[in-house]
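What follows is a set of structures for review.
Here come two complexes built around chain A, the first alongside chain B, the second alongside chain C.
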Partner chain A sequence: MEGTMQTETKIRAESGIESGPRGPSCSLRHFACEQNLLSRPDGSASFLQGDTSVLAGVYGPAEVKVSKEIFNKATLEVTLRPKIGLPGVAEKSRERLIRNTCEAVVLGALHPRTSITVVLQVVSDAGSLLACCLNAACMALVDAGVPMRALFCGVTCALDSDGTLLLDPTAKQEKEARAVLTFALDSVERKLLMSTTKGLYSDAELQQCLAAAQAASQHVFRFYRESLQRRYSKS
Partner chain B sequence: MAEAAAVVAESLAGYRARAARAVLEQVVLPGEELLLPEQEDGEGPGGAGERPLRLNAGARSRGRVVCGPGLRRCGDRLLVTKCGRLRHKEPGSGSGGGVYWVDSQQKRYVPVKGDHVIGIVTAKSGDIFKVDVGGSEPASLSYLAFEGATKRNRPNVQVGDLIYGQFVVANKDMEPEMVCIDSCGRACGMGVIGQDGLLFKVTLGLIRRLLAPDCEILQEVGKLYPLEIVFGMNGRIWVKAKTIQQTLILANILEACEHMTADQRKQIFSRLAES
Partner chain C sequence: MAAGFKTVEPLEYYRRFLKENCRPDGRELGEFRTTTVNIGSIGTADGSSLVKLGNTTVICGIKAEFGAPPTDAPDKGYIVPNVDLSPLCSWRFRSGPPGEEAQVASQFIADVIENSQVIQKEDLCISPGKLAWVLYCDLICLNHDGNILDACTFALLAALKNVQLPEVTINEETALAEVNLKKKSYLNIRTHPVATSFAVFDDTLLIVDPTEEEENLATGTLTVVMDEEGKLCCLHKPGGSGLTGAKLQDCMSRAVTRHKEVKKLMDEVFKSMKPK
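Let's look at the complex of A and B:
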């Protein structure tokens, strides 16, 4: 059983392409990203993964209230607004996860007593929402010129009831899965920055999901590089 | 388990620090490490055996390399912290290794010592003015920092006035301070900017392009109408022409220059020159 699961992981990880039809050998959905689309924020980006779309805006380094200022680094605030309704507890917990990831990567020590605000708006949710939010936040931070020590990306894995691993699941696959795991990885050495999991899974399955996510993240980083090169080639 | 580890190893392989010289004028991303020219010899495949013997092994062959905006020192390498094109400038007088920096596109200004900026006076408290320069906190400007100002002869500055000045103190730990005189006490064009005119905001990259020594945009604009123009490194431009319409046309042209190619710009200028 162990052997088959590992082989399947290997097949899925190697065939991960960033823009391809979803077939039985699972791949990441089609990506699209647009930067500098909003005029007010200092940086903005819109990230699309399949049908999931998130718009991010970054303000900073800007003024901060004296009650919130930190003497030796920047105060990072993340606001996540759902598509409909008021933000609730789920949004608050996602905001905290995104904030912890951003704090690990942004060089806040260069801008003490300032605030860097990331505002995320869910435009459409079709699965892998947290990963899409992380990607949009990263692209918006790069667009704003906030100094960072690395780029980061989010990858979601879902484990089926029979143990098959699905990368970048749709909403339907997430609902039917027995476990959904989201990882945030950095670009320098694919280290794990944040992980949040829901459901039942074994220790070995966790390691396999992490390995598959690390392999998938290189496609995401390649996409980042291509889209940033395209942006700078226009000037 | 071993196979999973093999997959991970494959994905990590192929990442290593690149030589700064090899990446010049290319887009670099945050997190990349760049090797300075001295270290390349040791890092190459045949480096260890081929390096010539030197009498003073500790001295560098080229002097100091200056690490500009967008780069940080990380050990003896350069870590890229912003996305943009890597640029290099050779040293003028031969000493030092030149400057490396990342040319990035940004809207938000961070105060830098020595920069000339346009600020808006927001408050007058006692002996200092608080000036909004677009950074994270307002800069302070003493009333004595104007040409010919003394305790009896105070400058005529009101809240809402535009000031063109330079930073004398601008670091991450202290509140920025600006002055409107140079080190000899002369104004050099700094001070309160006159009446009328229009202040608008552009990106920092466009300002740097317009202030480059051989900028055609500025020469063409000068041929169109007689105008007064002030550029602030914080992304603010103040422009004044004879009539309001001309002022607005100039403001629109400068804002649009960011996205236009050289041909489109020449077309627009020729059309305006005819009318």
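Let's look at the complex of A and C:
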């Protein structure tokens, strides 16, 4: 069995096609991913975005409790544990978002009456936490060999008071921003799978953020592809 | 015979209707159910409202109590929303601690309040660092027939407009609060966030205001919360099938029209209320 594969990439997107004096500054933080680092779960991954780090483990397809089983597809469960304290209502809300995103891409029909459990542990939070959780969950699902119809990635956009767009904001930038939007996009057609937002923004700004997120997701997907290629080419 | 087909193949049954651009209850794809609102029916609460969206019924009661302001924001009060989905409203819920759907709905309402700034928390402060109002907003679902989030948002907004807080002065000598129940004032409602929910069918078709059956058959849901200037407070899309930017644009325009309908309804109701 191969040991842990570490892939690091410095991604700095080109500073956008300037559509006006306020062009988006598309620069994602340095990200890295490590797969297969835990021995007990069927799949595991650790995703780092700047200083934000999330560890994900996937168990499945495994046995499911009769009360929770679905006759024609797999039951997906997501548990998100914060760095400090007990999981609360906010964690439940995020778990629902991640679970529904995974349900949209995982081919549950191939494993009926089984359960696929994704456990996420926040290791450090320095902004863009939900996006990092989504990326870690995707990499862990791939590591576990769960069949999926597409990959997905999470991208966070922040809008500050004069309307400038910031991708992948740090915790400080998120606090000072007027609005923070997190999107989950799929890899096939860059469609919007999940979105959750904080703050006030206009319709035009939403479309602008979505376009910037779609452009940035290309880099994340390229990173996924390269890291997996590197991992499987050696074995 | 149609009932038998509906039990065996619910999705196919629905598709037959969707092909004709309508739904089994006779609505168009972009049509909301009849919305009714009743204000101030709970005498013991400081503000209350009852909203019915077709069969979905949500009642909101707001109680105001005293509390110490948070140490990191001594000039702010609290608004604490709680959505209660009890076994009364649907067979899916069991009694006991709040289930996942109730917690997600509570978090959603808390986010809407926070994002839209419907009330400035500074307005709830009585004496900085010492005393502030805590508004406990309890949203209880009496009948769950889909589209809980829209009904809860509307009920909360109507109840907040109905809340009357008595005047409070701090007695200099005793440092105790004196409440003047005869002098009450309404809250300063700054924006009117209105939620519009959609269900996605077969990855392509969008229908507005889904019933519970439609929610179960849908492949995804989307809720847009808009205020009167067309600004978005919340775009809540918890997974489900993907949407393109163009489809999102259609949703926005439908949300704008819905906002106008709801605002008109609320203005009518409040105008017709006799002043206390």
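By definition in this document, the second predicted complex is superposed on the first by the 210 of 235 C-alpha atoms of A that agree within 3 Å, B and C clash if a C-alpha of one lies under 4 Å from a C-alpha of the other, contacts with A are read in each partner's own complex, and residues count from 1 in each chain.
To be clear about the criterion, a contact is a pair of C-beta atoms (placed from the backbone, for glycine too) under 8 Å apart; a residue touches a chain by one contact, two chains touch by 3 or more.
Predicted model only: the values in this text are computed from it and were never measured.
After alignment on the shared chain A, the placement of chain B and chain C results in a side-by-side fit free of clashes.
In the superposition on chain A, A:Lys198 makes contact with chain C only, while chain B stays out of contact range. When the two complexes are overlaid on their common chain A, residue A:Leu28 makes contact with neither chain B nor chain C. In the superposed model, A:Leu107 lies in contact with chain B only, and not with chain C.
More residues of chain A are touched by B (comparison of chain B with chain C). After overlaying the two complexes on the shared chain, residue contacts for A:Pro147 are found with chain B alone; chain C is out of touch.
Of the two partner chains placed by superposition, only chain B is touched by A:Leu228; chain C is not. Legend: residue contacts after superposition of the two complexes on their common chain; A:Glu189 is shown touching both chain B and chain C.
In the superposition on chain A, contact of A:Gln207 is made with both chain B and chain C. Once the two complexes are overlaid on the shared chain, A:Ala62 sits against chain B while remaining clear of chain C. Aligning both complexes on chain A leaves chain B and chain C separated at their closest CA atoms by 9 Å. Chain A residues in contact with chain B (one complex) as well as with chain C (other complex) are 186, 189, 207, 211.
By the touch criterion given at the top, residues 100, 103-104, 106-108, 111, 114-117, 219-220, 227, 230-245, 248-249, 252 of chain C touch chain A in their complex.
On the chain B side of its complex with chain A, the touching residues are 1, 3-5, 7-8, 10-12, 15, 27, 29-31, 70, 72, 79, 81-85, 104-108, 110, 135-137, 172-173, 205. For chain A in complex with chain B, the touching residues are 6-7, 9-10, 13-14, 36, 42-43, 59-64, 107, 110-115, 142, 144-145, 147-151, 186-190, 204, 207-208, 211-212, 214-215, 217-218, 224-225, 228-229, 232-233, 235. Across the complex, chain C is touched by residues 89-90, 92-93, 95-104, 181, 184-186, 189, 191-203, 206-207, 210-211 of chain A.
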